[in-house]
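Which chain is which? They are A, B, C and D, in the order written, and residues in each are numbered from 1.
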Amino acid sequence: MADVVRIGLIGLGRIGKIHAENSARRVPGAWLEGIADIALQQEQLSWAEGLGVRLISRDPRDILKDPSIDAVLICSATHTHADLIIAAAAAGKHIFCEKPIDLSVPRVKAALAAVKQAGLILQIGFNRRFDHNFTRIRELTRAGDLGAVQLIKITSRDPAPPPPVYVASSGGLFMDMMIHDFDMARFQAGSEITQVYAAGAVLIDPEIGKAGDVDTAIVTLTFANGALGVIDNSRQAVYGYDQRVEVFGSKGVAVAENDLPNQVRVSTAAGVTEEKPLYFFLERYKEAYIAELASFVDAVVQHTPPKVSGEDGLENMYAALAAGKSLKEKRAVFIDEVRSE
Amino acid sequence: MADVVRIGLIGLGRIGKIHAENSARRVPGAWLEGIADIALQQEQLSWAEGLGVRLISRDPRDILKDPSIDAVLICSATHTHADLIIAAAAAGKHIFCEKPIDLSVPRVKAALAAVKQAGLILQIGFNRRFDHNFTRIRELTRAGDLGAVQLIKITSRDPAPPPPVYVASSGGLFMDMMIHDFDMARFQAGSEITQVYAAGAVLIDPEIGKAGDVDTAIVTLTFANGALGVIDNSRQAVYGYDQRVEVFGSKGVAVAENDLPNQVRVSTAAGVTEEKPLYFFLERYKEAYIAELASFVDAVVQHTPPKVSGEDGLENMYAALAAGKSLKEKRAVFIDEVRSE
Amino acid sequence: MADVVRIGLIGLGRIGKIHAENSARRVPGAWLEGIADIALQQEQLSWAEGLGVRLISRDPRDILKDPSIDAVLICSATHTHADLIIAAAAAGKHIFCEKPIDLSVPRVKAALAAVKQAGLILQIGFNRRFDHNFTRIRELTRAGDLGAVQLIKITSRDPAPPPPVYVASSGGLFMDMMIHDFDMARFQAGSEITQVYAAGAVLIDPEIGKAGDVDTAIVTLTFANGALGVIDNSRQAVYGYDQRVEVFGSKGVAVAENDLPNQVRVSTAAGVTEEKPLYFFLERYKEAYIAELASFVDAVVQHTPPKVSGEDGLENMYAALAAGKSLKEKRAVFIDEVRSE
Amino acid sequence: MADVVRIGLIGLGRIGKIHAENSARRVPGAWLEGIADIALQQEQLSWAEGLGVRLISRDPRDILKDPSIDAVLICSATHTHADLIIAAAAAGKHIFCEKPIDLSVPRVKAALAAVKQAGLILQIGFNRRFDHNFTRIRELTRAGDLGAVQLIKITSRDPAPPPPVYVASSGGLFMDMMIHDFDMARFQAGSEITQVYAAGAVLIDPEIGKAGDVDTAIVTLTFANGALGVIDNSRQAVYGYDQRVEVFGSKGVAVAENDLPNQVRVSTAAGVTEEKPLYFFLERYKEAYIAELASFVDAVVQHTPPKVSGEDGLENMYAALAAGKSLKEKRAVFIDEVRSE
């Protein structure tokens, strides 16, 4: 394979457009060869042409069967992920798939098995591992600068809740939102979660409660290496996207604060003010999306394991399932309980 | 009663000396009339004389029977607190008692009953309610500036662990250390804790584990008003005393960072450095100790309820007991379970 | 003219490469049509081809005579700027020129006259006006949020001094380095500098002194609107590129701190550390370079005045000349003194 | 002399009360023996009695002739300082005198000569040398952690201007307000000021201009050791007392930010807010006043030179005079010019 990875992208929604632009313009070694979206609109078509993409289609199979394409980026609706992974594996394409892989464990396992059998690279879109703040903390723990990790604290709050109808189909707070934080927790711990306890409440939107979900939660984690962790999630932080991580160890603590749009502090008679955090994931993780794609391209070119594997996707899912079970049963739940279900 | 409250102090250890100096010199309206310590050393005697104290004794009864003394500060060993409270109530003295009141619920209840019957003021030494950072957050929630409180997060880590022998007699992490944080949680929530889940580990000193305790813990709280909370404790933060509080509500979040000895940031080729937090409670809560005593003096003079009541002491104790039970039984424990035991 | 501005770039050095990449990939509405460099190396040629540039040449005239090119970016050596501006104006190309325009006032005036006569747009590369921090402050003063501007303070220090040989040819500290800060001062004040006093010293490299220059300076400014200002420059800040601005007015102050590579603070027994500032101008002003080019493209498309005009370049130069004169004569120098020389 | 320094205080105004309380209660080794104020009011008398002061008088001579008094604190009006110093020296009392010593150089010299001849200790009230932030920076430079000092920047702004009538009698901005900053500059530089250039303006209150003074100023300094410095002063910072110092050297920079009343940051939909600086000198330098008195007491007990000498007072005055001359003559003024006048 040449040093350029020819990419076909499936699903040109909000996140698909991000990956399309990054493949086309911002990631050295990536070349955006094709785009498919089953409901392609004229606006999307023009947009894709503006990027200079050769193959534009409403049929993902056009991507999968194109011999010049090395890798596919799956950015379509969640329920299509598993089938597309299996089809892409059959077509011999390396795969980058947005999270979650699927809401059903057996379907996830089937998809992972297909990729494994085909000997292809599969990377899952847990983009926060590529954030400048969080990778910095991970470097510190890898280098031993914080000593043995003892406590991991993750704050993750969205600026505004999704529509309740979305909540119903998304798999809920743990599977849709906190799954990013389970991934972050495992990444920072360098160890697997063994046990989960979830406290949750409906404090923001009663409709979310009616849909059977919570909108506020605190989840306590125990890791295989003995460390403890805690994640707090809220569907609505009125001051913006709150994304902080703290890792405490025997030699010290590292705290990642939010990114701000600028470093200006204003003092008036009314008080001292600085900027609110970057608004939401598109702003906050703009560079992380580029870095994750660059990492995928690198893994494909170098034939090395991806930084976020299909197994990571599965483990994160187990944590989400265990959290749901814990919330229902008001007790700590071992990951092994859900793993064996 | 005059505007000056004449104080007798019992127990001239580390914390007793703080209260002695504050009564003698820093709290307007307080007058330090007497000091008793059953094991008074020459050094302590000279020190007390230096403060200009009239009555210095090895017998606490000399304090209790002195008619010119309006109020006693009980700073002696924990196991003496309950008896001294009962004796002081019988002697008609208002009482400030260091925390915890006692390690036994019935003894605490007996002490509170004695005070109640005597119609006296009893304030418990949960000093952190008087800290400038934490009172600022409480003002914000009282004023409604954060909206409905949804999440409370308390970080509380000591710079160095106590000797394991102390751990055994202290009642353990939850009763000795986290009890301050339960109090802070209740203070900030403006609501009682209804349920507790504790995760704990021995990550710092195996001797603490042998003594039957943990040295690291994360405790999740549910409050009567629906809010959730989480406390993390460590017996050893090598960078110093880590005392932070975060209260998140429907209108925003308030975060209290650590106090530093100065505001100097130094940038060199090696990096950018600022000071570590103030080392431990004597440094960090220096002003809070003055403010809590001033508040007690004020309550005595004005005949108003103290800012931290005996009932607060009892509720904090229930939370600690519930946390211990949760840790043992690996499940969420309702406060009512321990209340009715 | 179409909405796409076809760009020819002259001078493919360090800053030329930045503008080339930005024109080719990052600025919507820009299209990099040609590159010329009189000493083009094979490496540069390959690099330019990688960007997909059609016209690559060793002769700038190939750019100027190409009818499909709308605008030129002049990134070659300073002594070539004025002639290239005049030639580009003659060729009917809009012009973006790196600072300084020239070291000779008459030559600058000749270049500006040529552009004016041709009715073309000329923007000078004072990129810091497009920095997210400094534009934020300017927005505040424009909106009146700081009231009447009274004091402007600019800190501008390089991480490492240039070679003394460069110093000799560059025009010196005031003309080469502080000229950016004069521009920033005028931008923030919204008013012209009327008077300058310069104190300077050789504290870093005696060779710079032998070359007749200073490496450390504090320059006080008086503005036409009555405000005062001060700039401090150092050729060597060992902790990195120090770029801060403070604007103080009757209603408050805005302070722009340095940008950091991440928001992680690390606390250990040794102290609390955060990142050093972004290393130098390529890192710090990466986004500002994109924004300045986008602004130029916008001015060309909209036929509106550029955000940084040739007259701005001339005024900045007067300030630099006045500073040099002040340093020599140890007195305050009016801008009008140098303007009329 | 015993370890206790018996103090007589002259002048019970705002600053006198601070020193009285500190001598009586907060500085170990100090004993407040007497207070004199020529216009003593009943309120002041009661207040002084509340401190337990033995000798309370309207006649400063009662203090000076009292044989049990070791040292006097001169806190009366500026025009009385020199005579009181001379009288105190004649009476054999050590002297702490508030700044400035006097507005006339010959009178200052006469006072210093009297003290010198008597072999007594004289400390001048430049309290900022005892501030926790500024002493921290000085420790760093003393230890060589910042290398050779190259640039010193001092920001010093008051929250509100004094009444214009005060301005007239105070000696003006340079002598009354910036004199503190000249002292800070000399303290941080560890070197004398050799040259001064002042730019000033009337931007806040035209009445101050009518009184012949400026209310806003930037003063550039050159030090004997080659370093440069700059001070900016404003009579009105609407956000509060702005007291920052920055020392830049060959090995790095130290920046002292303002002290805040608490460390709480509040994020809402409207923005992220923290506290304004401590309001004014009584709040900001509360601890510095205690430390300066403790240092004086220590100098008296140990017979060591005071941390701020009479000569410091004189040097600061020269700098203020030079600044005034510079402002008038629009040129840099050497300190030696005013020294020899």
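Rule of thumb we're sticking to: a contact is a pair of C-beta atoms (placed from the backbone, for glycine too) under 8 Å apart; a residue touches a chain by one contact, two chains touch by 3 or more.
Note that the coordinates shown come from a computational prediction; the quantities given were computed from them, not determined experimentally.
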Practice task
Taking each chain's centre as the mean of its C-alpha atoms, give the chain farthest from chain C.
Solution key: B
Exercise for the section: Look at both sides of the chain A and chain C contact and report whether the same residue positions are involved, with over half shared, or different ones. Expected result: same
Practice task
Find the geometric centre of each of chain A and chain B from their Cα atoms only, then give the gap between the two centres in Å, rounded to an integer.
Solution key: 42
Practice task
Averaged over CA atoms, how far is the centre of chain A from the centre of chain C? Could you give it in whole Å?
Solution key: 40
Completion exercise
Cα centre of chain B to Cα centre of chain C, whole Å, reads 58
Completion exercise
Listed in rising order, chain D residues that touch 2 or more other chains are 237-239, 251-253, 267-269
Problem - Touch list for chain D against partner chain B, complex - result: 25-26, 132-133, 136-137, 140, 145-146, 251-259, 261-269
Practice task
Going by the contact rule at the top, pick out the chain B residues touching chain C in the complex.
Solution key: 237-240, 267-269, 271-277
Handout entry: Residues on chain A engaged by chain B in the complex (per definition of touch)
Key = 148, 150-151, 153, 155, 157, 195, 197, 199-201, 203-204, 216-218, 220, 222, 226-230, 232, 234, 236-239, 242, 248, 250-253, 330-332
